[in-house]
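Here it is: the structure, laid out below.
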Amino acid sequence: MDKIFDFILRAGKVDRRWIFLIIGLAVLLPLFFPLGLPIRATIATQKVYDAVEALEENSKVLLSFEYGPSTKPEIHPMAIGLLKHLFTNGHKVYVTCLWPDGQFMADEALTEVAEEEFNLTYGEDYVVLGFRPGNEAVVKGMVSNIRKLYTTDARGTLVDEIPLMKGINKVADFDFIFSASAGYPGTLEWVQYASDPTGVPLSTGTTSIMVNDIMPMVNSGQVQGILAGMPGAAEYEALIGSPGIGTSGMDAQSIAHLVIVLFIVFGNITYFIEVQRSKKY
Amino acid sequence: MLWKRQIPILLATIVGLSTLFGWFIDHPGIESFVNDDATQWYDILASFAIFLGALNLMKLQGKKVLKQQSGWQYSLFAIGGFLFAIVAGFVYKGNDAVEWGIHVTSKGTLFKWMFEYMFTPLSATMFALLAFFVASASYRAFRVRNLEATLLLVSGIIIMVGRVPLGSSISSWFIMYLLVLISSIAVNIKFKDKKITFGALFVGVLIVTVWGSALGWPLDQPGIFYLPVLQDWIYNNPNVAGARAIMIGIGLGIFATSIRYIIGVEKSYIGE
Amino acid sequence: MLKDKEFWLVAGGLSLAFLLYWFAGYPLFKEERLVMFLVISIMTGNLIYYIRYARKGGEIFLRSIPGLKAVEEAVGRSTEMGKSVLYVPGIMDMDQVETVAGVIILGHVSKMTSRYETSLNVPVSRSIVMKAARETVREAYTMEGRPDLFQDDMVHYLTDDQFAYAAGVNGIMVREKPAACLYMGKFFAESLILAETGNSIGAIQIAGTASQSQIPFFVTACDYTLIGEEFFAASAYLSQTPELMGGLKGQDMMKAGVTAAILLSLFMRILFDLGLIKWNIISILTVQ
Amino acid sequence: MMGPWIAAFLTLAIFSYLYKDNPFYKVAEHLFVGISTGYWTSMFFWTQIQPNLFGRLWPASEYNSDLIWYKLYNVLGVFSSVFPDGGIDKGHHMELLYLLPFALGIMMLLSVSSKLSWMARWGIAYTVGMAAGLRAYGFLNSNVLGQIKGSAFQIFNSDLPFFALASESIFNNFIILIGTITGLMYFYFSREHTGNFGKLSKLGIYFLMISFGASFGFAVMGRISLLIGRFVDLITYSGSAYNHATLWLLLVMILLLGYSAFFDKNSVSDNESAE
């Protein structure tokens, strides 16, 4: 028995680069050999789906992009899934960004969904107002008068010349807000300065690490459901019936989680042995 | 002292009070100034703060190069990277069909090329490094050293496994047998008597098997031992309670700090 | 407790003025936001009252914070083992409240290391933090009557970059093998690297931060963690500055008020659902 | 065509940090600092300063070359990309009041010289003041009042079942209420945590620990997803369409790092990497 304990203790002191190699393979291999495990929707994802389904015909939806390349794998599948869902139900989409990188993410998503898949016309079915610096002050400015902040859209056209912008003067004119957010500024600012003061319903999709900061507001009804990280994106893709990049990553996510749980358990076994040993001597 | 100290504190108080009262004033003229123009000024100053950051960076890296401090060769890359971004932003558009100002976001420009092939890989990979650090920390640092850390790790593991597709293929029976095994180990550590341990193990296995066959061994019954359902319960209830207590605590903390800024008691922003 | 006559005079006057303004038809006032106006005024008054109370030397009690006691034990252990204490004040600048709290706790720690003659090592990642930390440590050593023990390079600058700083601190840990590692300030993902290496050299590790996403990692990897507000309370207590102590007491009162409000609104909800009262607490609390 | 090669190189250069802190990583790291600062500077200038500040000082709608103000504009016209001929046409009318934030902004830039460093304080005071005014209301309304409203759940004649594991129920709402109140008690400093108060705050820390466990689980999940995203990109760049950029670069890098490791073995260098 002691020989096994010695082996475990020695394994506990192994160079951390072996651990890097193991987790690297645990993520890489499932990308080449997908397992296709079934995906089950959780309560919070279902709430987002129901909130979008509840919108009547061609409602005006404000979709805000607050993420960048570093958090794209988690949030981009949500943005694409949501755009598909909104355009299938025939809604009008208005895009704003509180992060500069959000504009590139928005263009990429809209090119893929609005232009290539649904071939909609810019300015009549969707419009990109683009990025403005100022964090929560931008949201506050939009709530009171959006036309003072956005006199032109992201393509330089004057806002008054865009047909879709007719009748839009402030956030209260929208029927629904969705914030695809990876941090600050993001969902919290949209709830505090737009949704709570005006009563416009809001849903969100965030990176995994931010979900817990928003969960109390999902419970209190201030936020209508939340897409939580890549699993949330995969569940939403399953609900709208179009599996995309979110789903393909899930096998790698499953295996990697199992490996990390085994690391924690194994690490604690070595810890127990060390504690028992130190008690004896 | 008037210019360096009194005026900034007075300015912060005036702007703070006007913004705070701006929430309550019902007068179109005042409201439009406080909510539109004042926020536009904030956005303008936020932009100038970024330019100040850029100047400070160049000053720091430039000094490092001129004084040839250690690692100055790398500072050349920092300055080179900055100048390349400035050229793409202000000097060379790369796609003349696009107007200045719109070129930072439209296709085919040098700026978009820099975003896609330089900024994206650098910032995305920097974050992806963390997956490796989490893995090595899970193995070498995360210990159940006290009851609090145990609760944290157990709920963390249940949520991690329960939320991924793999979790829904682990049957509740497997979890029940696992619990019986763990509790018998605990019994062994406590009583240190082989007979009691095997007795507890045998009784546990017996109960689980009888209960299982009575229910017909469904994968996800009883719910409390089926990871996805257990994970959803933990996540939507005790977790929300803890997160709500933290949210209220932080909310009050930020309210108190904001009020201290407005009444001029908190002066850390001018280095005091 | 309620001895501050001047405060109550002003508070009474202001509320009277508001009542008159209200009965005069509250021109230019957004009526639907009255609840928020009252809550903000009461809470601001409460804060001002306790800051004045602290400034006039009023006694403010603070419960014992386990993390702080652990810091004293850790410095004691380092002294016995003749090893150094490593202190990391986070990776952000002095404009962050958490960094300021980290430097205050550094002052407290350096008082102990000067008394026990333990060697202290403080690597920092911002030049302004270096100046402030050096000042705090020198002051602590002089107050304990041991200015001779203080050397400038106890507090030294490594680099501004997040991971290069973590690598540098790891190098110090692996070489000097300090008996105690203290992480007090604002941290991001590099907290993992520091805590892991600290664990591998068998040091006592105590962390203090309000950075939400890093607290779970510190709790599992360190022996003691000052969680969020505990971190600020500890620094307020150690700094003994009236504004911080008063603010801390004021926030406690607000927390008690919020707890009472939760129970009260639950009770009013029950009465409303049973039809015994007509005010719907939910609509009162929904301020648009 | 060079793009994917550069992207693959930069990705591998950052990943090389896992082996040890080497020159490839340092180069990529410093490039990142320089490029991101330049990127943010350009974005903030072209989306706010040029359209909403200069656009309001010299709007095209009121262009009149006789005015001195617009004569000054034509002098600035040497930077034609920023100040195009005939004024800036961004749909604004002239608002000279915007010279105030412009002046505060210039003061912030002047503060880069150590003698004038105090000048940044006015601009910072404005932003700190406004942020305080916004956050005092925003956090109190949504993070405190909103949560009190969320805790006042319906008990009588509500359509929720008394007990249900997987969906909302009165029992679950009670759990949340108890957890919230005991959690708040833990962060109460004005009273020693002894006796019943101590027991309740102990229960509170258990709820907080479950919440930290959830954040821990989600943080790990998030980190893994980001790594998946990077590997997906690397796999695309190793395809034949990009003539196997990743594979070639990986090979070159391993050879160079291997050579430097062999070279280091002889001289015992003081290795500061994350061993």
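A, B, C and D label the chains in the order they appear, each numbered from 1.
Here is the rule we go by: a contact is a pair of C-beta atoms (placed from the backbone, for glycine too) under 8 Å apart; a residue touches a chain by one contact, two chains touch by 3 or more.
Bear in mind the structure is a predicted one, so any value in this text is a computation, not a measurement.
Just count the C-beta contacts per chain pair and the biggest one is B-D. Chain B has the C-alpha centroid lying closest to the overall centroid of all protein C-alpha atoms shown.
Per-chain Cα centroids separate chain A from chain B by 13 Å.
Distance from the chain C centre to the chain D centre is 23 Å, each centre being the mean of its Cα atoms. Centre-to-centre separation between chain A and chain D, using Cα means, comes to 15 Å.
Each chain gets one centre point, the mean of its Cα atoms, and the points for chain A and chain C are 31 Å apart. Along chain C, residues 36, 40, 43, 163, 193, 196, 200, 212-213, 216-217, 219-220, 228-229, 255, 258, 287 each make contact with two or more other chains.
Looking at chain D, one finds that residues 17-18, 26, 29, 33, 39-40, 43-44, 47-48, 51-52, 130-131, 134-137, 139-144, 146-147, 149-151, 166, 176-177, 180-181, 184, 187, 208-209, 211-216, 218-221, 224, 226-227, 229-230, 274-275 touch two or more other chains. In chain B, the residues that reach two or more other chains under the touch definition are 20, 23, 37, 39-40, 42-43, 46-47, 50, 101, 115-116, 119-121, 123-124, 126-127, 129-132, 134, 136, 138, 140-143, 145, 148-149, 152-153, 156-157, 160, 163-164, 232, 235-236, 239-240, 243-244, 246-250, 252, 255, 257, 259, 269.
With chains as nodes and touching pairs as edges, the resulting graph is complete, every pair of chains being joined.
On the chain A side of its complex with chain B, the touching residues are 12, 16, 19-20, 22-24, 27, 37-40, 42-44, 68-72, 101, 103-104, 107, 130-135, 137-138, 140-141, 143-145, 148-149, 154-156, 212-213, 215-216, 218-219, 228, 231, 250-251, 253-261, 263-264, 266-268, 271.
Taken together, the chain C residues at the contact with chain A in this complex read 196, 200, 212-213, 287-288. Looking at the complex, you find that chain A touches chain C at residues 13, 16, 196-199, 209, 212-213.
Across the complex, chain D is touched by residues 35-36, 39-40, 43, 60-64, 161, 163-164, 166-168, 170-171, 174, 193, 197, 212-213, 215-217, 219-220, 227-230, 233, 248-249, 252-253, 255-256, 258-259, 261-263, 265-266, 268-270, 273-274, 281-282, 285-287 of chain C.
Of all residues in chain C, only 28-31, 33, 36-37, 40, 43-44, 47-48, 51, 94-95, 97, 100, 160, 163, 189, 192-193, 195-196, 199-200, 210, 212, 216-217, 219-221, 223, 228-229, 232, 243, 247, 250-251, 254-255, 258 touch chain B in the complex they form.
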